[in-house]
Amino acid sequence: MHMENENIKKIMHVLRHAPHGTIYTYEGLEMILIMAAYEQDLSVVFIGDGVYALKKNQDTAGIGIKGFARTFMALDGYDVEKLYVDKLSLEERGLTEDDLVVDVEVLDAEVIGGLMKEQDVIIHH
Amino acid sequence: MHMENENIKKIMHVLRHAPHGTIYTYEGLEMILIMAAYEQDLSVVFIGDGVYALKKNQDTAGIGIKGFARTFMALDGYDVEKLYVDKLSLEERGLTEDDLVVDVEVLDAEVIGGLMKEQDVIIHH
Amino acid sequence: MKIGILLKEGPYNHQASDTAFKFAEAAIKKGHTVDAVFLYNDGVTNVTKLMDPPQDDRNIATRWSELSQKHGFEVLACIAASKRRGINDDVLVQGSAITGLGTLTDIAIRNDRLVTFGD
Amino acid sequence: MKIGILLKEGPYNHQASDTAFKFAEAAIKKGHTVDAVFLYNDGVTNVTKLMDPPQDDRNIATRWSELSQKHGFEVLACIAASKRRGINDDVLVQGSAITGLGTLTDIAIRNDRLVTFGD
Amino acid sequence: MLHTINKSPFENITFETCIRFLLPGDPVLFIEDGVYAVQAGNRFSAIIANVLITNPVFALQPDLVARGLTVVTEGVQSVDYEGFVGLVEEHQVNSWL
Amino acid sequence: MLHTINKSPFENITFETCIRFLLPGDPVLFIEDGVYAVQAGNRFSAIIANVLITNPVFALQPDLVARGLTVVTEGVQSVDYEGFVGLVEEHQVNSWL
């Protein structure tokens, strides 16, 4: 058990782009779903326009692109439970936790900075 | 002569990206050089980080990418003489006309806005 | 009205191609002529037939191919930009072609509008 | 030290591929092992042999091909990202391959560092 | 002249750059990620309100809906793709990529 | 943790976002268009000077030279690609794309 833990890596995915205008958040989510199967210590952080990916009531039918906000709701089933949102990013966009499709932990930048420091791998999308 | 003038279009190219980090300014310049052969009424405007494309003393050998600042000096030979630079963009970057590889006309945003309004075609790079 | 379209980003990675396509459809629906779609920068990768997206997603190359053939316009990729990015005649979808920037100049001159989409 | 590289933008359009390449060269020169270069998003277009830039410019696909073969690592393109963008086995340069995101996970786990380059 | 903006004002300077060059009367159309600028009650709402004094402001409805933006700054008009074409019929286009 | 920034601070918010998450002591490396941030005497010089109080700041020399930036804000250190690798030897990497 101890040895197994030593092989577990802390991997953080940082989503910073708005959805739909670019593919980064969508393909980021695809990456997170695959990595979730590998039983590493995954976390996902939403910073800047990345918080918009979690916004409720997105309907992409009119732009002809597949929506994926609901896929974030599936992360829990993959044991990806560490979802962090940058407080200032949320506030600056006039959003609250109630506007988001999933439960997240809203944290100050300093706290997120501390979590970043603990990671073995950080991937920005 | 009058009929010919009626067929001449006013085409403005707007360069807004820094050189080297992306290809937009370089491929923009390639487009301008081709269009110059078509005897239209061409102008080139440098706004925002686009002004950096004109900066003197660029040496791209170390990053392994072809430099092209000097190519702007060739525009005159192609009868592309309308080179405009946004005054605020230059000032914000701590640059003056002396820092640039070619002679340009430094204009206020309002004046450039007026020139834009006269165009038949505007292409941002 | 005769409209030319300039598309400066590749498929999927940016919404530009989607917006340009919806715009072209709407223009045609309103009775306008889409004269040509010119591809520049990474935009040239919009017309590779090697594209093979998931079945439940749009196929951007096929979609441009069908719209252009149905309405008699071409989707034209800049040759210099294409060569840099591995696009050549062998991989083009029907309705598309590779050409020079002179063609874009002609498009800019002969159309009432040139509308640009990109990043 | 064992280093993995993640490259998220295509060639020429962004400097990312150039910086990643110079970084990989420098790491090797300093005695480190480049374990693999993984291509994601538009990054998958770095390894198409159809690329044909001007003769006085660098050939980015060839350059990755040569470096990877000389130093025994692979340049791996994500299959889902590749399919969207028209990259398949037929167009790959030597030294590259198409694989899944599980491989990236392995790369992230087994290396001392994963360094990302992109837009 | 129709000005289009497709970048989020939170991440990119394009929005602020474009409005420096606007002439009174010229319409502005927000598309793609640009539509976040017109979300009601955000920190760009005052700037949008100011632009609206002299210029008509539009946002592409399908892009608003795709992003779950249901309430836009007062005075901003929604258009669909045909409305976008309608604006292009009336004006030359200046796409601030 | 090594933070890298590759976007121009004049056009993109990445620079400002990154420094909000910096912990004291962690090095910051500017690369590609990011190096415009450290040009001496521009409007980001004061912010860079402030970061330098708590964090070492580096810029990739080949990117500076490519852009004709000869004078950088005092205290900013230049590194070549091997210096970049050296920083990666000492730190995990946080690339703010």
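As written, the chains take the letters A, B, C, D, E and F, and residue 1 is the first residue of each chain.
One rule holds in what follows: contacts are C-beta pairs under 8 Å (C-beta built on N, C-alpha and C of every residue); 3 or more make two chains touch, one makes a residue touch a chain.
None of the values given here were measured: they were computed from a predicted structure.
Listed here as common contacts of subunit C and subunit E: A, B.
Chains making contact with subunit A as well as with subunit C: D, E. At the far end from subunit F, in terms of centres built from Cα atoms, lies C.
With respect to subunit B, maximal separation of chain centres occurs for A (centres as means of Cα atoms). The pairing of subunit E with subunit F is characterised as same-residue: of all residue numbers used at this interface, over half are used by both copies.
Inter-chain spacing, taken between the CA centroids of subunit A and subunit F, is 26 Å.
In terms of their C-alpha centroids, the spacing between subunit B and subunit D amounts to 33 Å. Separating the centre of subunit A from that of subunit E, both taken as means of CA atoms, is a distance of 28 Å.
Listed for subunit C are residues 12-13, 15, 19, 22, 41, 80, 114, 116, 118-119, each touching two or more other chains. Shown for subunit E are the residues that touch two or more other chains, namely 6, 10-11, 13, 32-33, 62, 80, 92-93, 95, 97. Subunit A has residues 16, 20-23, 48, 63, 65, 120-121, 124 in contact with two or more other chains.
Annotation, chain-chain contacts: A-C, A-D, A-E, A-F, B-C, B-D, B-E, B-F, C-D, C-E, D-F, E-F (touch as defined at the top). Within the complex formed with subunit A, the residues of subunit D that make contact are 6, 40-41, 80-81, 100-102, 104-105, 108-109, 114, 116, 118.
Chain contact summary for the complex, subunit F toward subunit A: residues 1, 13, 17, 20-23, 26, 92-97.
The touching residues of subunit C, when paired with subunit E in their complex, are 1, 3, 8, 15-16, 19, 22-23, 25-27, 29-30, 32, 113-119. The touching residues of subunit B, when paired with subunit C in their complex, are 7, 9, 11, 23-24, 27, 30-31, 34-35, 37-38, 40, 120-121, 123-124. Contacts from subunit B toward subunit E in the complex involve residues 16, 47-48, 88, 109-110, 112-114, 116-117, 119-122, 124-125.
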